[in-house]
Each structure stands twice: as structure tokens, then as C-alpha cells.
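Per-chain residue numbering starts at 1, and chain names A, B and C are given in the order in which the chains are listed.
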Amino acid sequence: MTIHESFAEEVKIDGVIISRFMPDEDLFESLKKIAKDHGIQRGVILSAIGSVKNVVFVNVRSHAGLPVKKEDMMEAEQPGPFELLSLEGNFFPSQEDGEPVIHLHAILGTSSGPVIGGHLLKATVFATVEIILGSVAGSSVYKGKSDVTGRMELFNK
Amino acid sequence: MTIHESFAEEVKIDGVIISRFMPDEDLFESLKKIAKDHGIQRGVILSAIGSVKNVVFVNVRSHAGLPVKKEDMMEAEQPGPFELLSLEGNFFPSQEDGEPVIHLHAILGTSSGPVIGGHLLKATVFATVEIILGSVAGSSVYKGKSDVTGRMELFNK
Amino acid sequence: MTIHESFAEEVKIDGVIISRFMPDEDLFESLKKIAKDHGIQRGVILSAIGSVKNVVFVNVRSHAGLPVKKEDMMEAEQPGPFELLSLEGNFFPSQEDGEPVIHLHAILGTSSGPVIGGHLLKATVFATVEIILGSVAGSSVYKGKSDVTGRMELFNK
């Protein structure tokens, strides 16, 4: 089934979690653990800073079109460590199995000057990650594969 | 009238909207539509990621002073598409006509490596934009032109 | 004492402040003033954009390890002005004296193209900073020095 519909849903942020992630933790696994431990089905990152290492991210190539194909994405693997300057994103349950689908974009500071970043596939905590997570209530938003974009997209059932 | 005053106002975020913007939507028009449809006069972006194309943004030139003049701003037009790594900003009503004045700063990932961005003038959705918007209640903040900075600034009436 | 523990604490954001910072204000001092004037012990930046000048920030060098040593950090001092594209961070009281320890990461747009940024040590407002600050209630989180990371880290007493 193609998931390709616009929506705007009124929800509540009915809980907020402050957490510190420790060195060598996997960023995605630590987020999943918080979601599970605190019974959060849908979450949004309200704030996150810290430092990370062993980062893998992707960016879309210039002039790519829809649906996005594998060869339209350019992957970068960087040992770091880097200051985590911004981490934006959310998780919503998969329509298939209800497991959280985590969607994160990261921006990283480098000592050589330029800032780098992309759609995050993997990151390990270097010194710390300080995260403030909002729990979303009253939502019927899920993630499902869209034939139009070729990616997992938000939709509301 | 010059709008040039400091303030710090206690408000509430009394509602939260989750929305998915669709390919080829204008980012500013889609934000305005949500504001209108949901009766939101004042809003702040709590989180936004996705991908955009046909982006126009400006940055202030080094050594510029106040008031900022047109020639102090450098405009960049980029076809993209780009991962939208961060989108920060807000909208408050204009003191003149009450229409929302949208103020957005965007950060974009490029496949060639460096991250780019600036004060956003125009952007079109590429694959998706996932936005979590907070509705601000109990506020008397407006936007008005400041003679001192030369720009539309927040002030509280 | 070494502060080196993981935690995830359920809190509330029980108040929100909207503020405009004025030209030539010190970003850290202005944040401290809001915290003091409004009785906010623990705060998180929910949104902040604007423009800044006379910025000092640091980034961690590639291949640095823990604990982070002074020579692992590379400092950059930039007169600007710059668009403030993203400002993420928080403040929590020091375990030593209860004073707020402000932790900010900034991302700045340059007119020459690339975006720069890092862990912020100093910044002065150029034209404006528009900040939306959340006040954190129900938290027992403090900042203390960690022997393991060599930095001030969040912990929960």
C-alpha cells in the first residue's frame, strides 16, 4: 500500500524525559530503551547536544528525483569524535509491526572547520549526549513505506 | 514607529500540531495553512526534518553593522534537493495587519560534503517535511519593523 | 567525586518564556538574567534564532579520547556577524554552588558559504536573538565534573 497523504493532527506532549547517554552507547539503541522503559510509543526530540563518534549518515545527491533510489543517496562514514551540534527527529510506530521507526538528522562540528551532517544511520556516544524527549499523546500517526517517495513516511491512519 | 525593546514574557504552549508536508508544497504556504486551519496566531517550530529543493536563503556579510542594509545580505539560490537537517523558527502576527510573519532558519546537508544554510526566503518540499509545531497562548508578542536593526523584530505591545 | 552515571528522568516543562535579546547583549548573561528574573532553576532551549557576533566556540579534535584534555579542543574566534541558524542547549545547577551551568551548541551561517559552529564559549547579539525557553520542573538533575569525560556532565542526585 502506498502511504502518500498530507495531514495535520492536533496532539499533546504529555510527558518529557531528560536523559544522559553514556560513552560508547549506541544512540539509536539508547533512544529505543527510553521509549520502552517509559512506555513512549511516539516521541519527538525537543533538544539534544553532546558529542558522538563512529558516525554514518547519508545525503541526497543533487538533481535526484522521486522516488529516491539507493544510488541517489551518498553515504559518509566518519570516525570523529565530533561535537553533536544539533540532533532533530522523532520516532513513530511502524504500521507493519508497531516497532519504533527512528528518524534522526544530525549536525556535527569538526575541528578542521566546516560543519558536516545528514540523515543519521549510526552514531555512538563519545563523552555524553544530553537529550530532552517529548512523549506525544493523542496521535494516530504511523510510519509506512511510500511508493511515491521510496522512503518510510509519516501518515495518519 | 521604531520597535526596539527587550522583553521576556511568560506564555504557554497550549497545543501541538504534527504535520507531514507533501512533495512540491511551498514550505511557507504550508505553514500558513496550518496556522489558519487550526486557528494558531503565534507558533514555534519544536522540531522539523525532511528534505527540500529550490531553496533561497540569505546570510549577513562579515563586518556588516546596524541597521542591516540590503547590500549587507548575500543571497544564495540552490536547486538541491537537500536533506533538511534543521529548521528553527517561529511566526508572530504583524503589528500592521495581523498576518503571520514567518521567520525561519534552515540548515541543509549536501552530498558534496559541507553543510549550508541561512535565513530562509523560499523552499519547496522534496520528499517530505515532518513538522511539530507548538501553538503559543497567553502572548502579546507582535512583529514590527525596527529602525535600529532595519529588520522585522519581535516586540511585546 | 566522579559523576558518571546514566539516567532518564520524567519531568514537566511547566513554563515557557519568549524573549528578545537586544544588540550587544552577552548571550550567556541574558540567559542567566531570564533564569534569575523568572525563578527558573533548570531550563532547555526549545527554539532560538537570530544573529550573533564576536563568537568563540570549540570543537573536539579528530581521534581524541576520554577524558577530553585541553589540547584535544580546538578554539575558534570569529568576529562575524553571522545568522544564528541553530542554538541548542540547556542549563542545570552546579552541584557545587547551585549556580546555572549553561551548555550551548551554536550553528552559524557565513556569507562565504559554509556553515560553522561548535560548543559555544562566548557570543554577543548582533541584531536580535529570539528565544523560546522551557522551564523544567520536577527534576533533580545537576551538573558536576566527571573524571571519566573530563567535563561537566548531567547527573541526577
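Note that in this section a contact is a pair of C-beta atoms (placed from the backbone, for glycine too) under 8 Å apart; a residue touches a chain by one contact, two chains touch by 3 or more.
What you see is a predicted model, and the numbers here were worked out from it, not measured in a lab.
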{"item": "Numbering shared by both copies at the chain B-chain A contact, with half separating same from different", "value": "different"}
{"item": "Inter-copy rotation, chain A to chain C, in degrees (Cα atoms; steps of 5)", "value": "120"}
{"item": "Whole-Å gap separating chain A and chain B, where each centre is the average of the chain's CA atoms", "value": "22"}
{"item": "Shared interface positions of chain A, touching two or more other chains", "value": "13, 46, 86, 107, 114-115"}
{"item": "Residues of chain C defined as touching chain A within the complex", "value": "4-13, 44-46, 57-64, 66, 68, 74, 76, 86, 88-90, 103-107, 114-119, 134, 136, 139, 141, 148-151, 153-155"}
{"item": "Complex contact set, residues of chain C against chain B", "value": "13, 15-23, 25, 34, 37-38, 46-49, 51, 79-87, 107, 109-115, 126-128, 130, 132"}
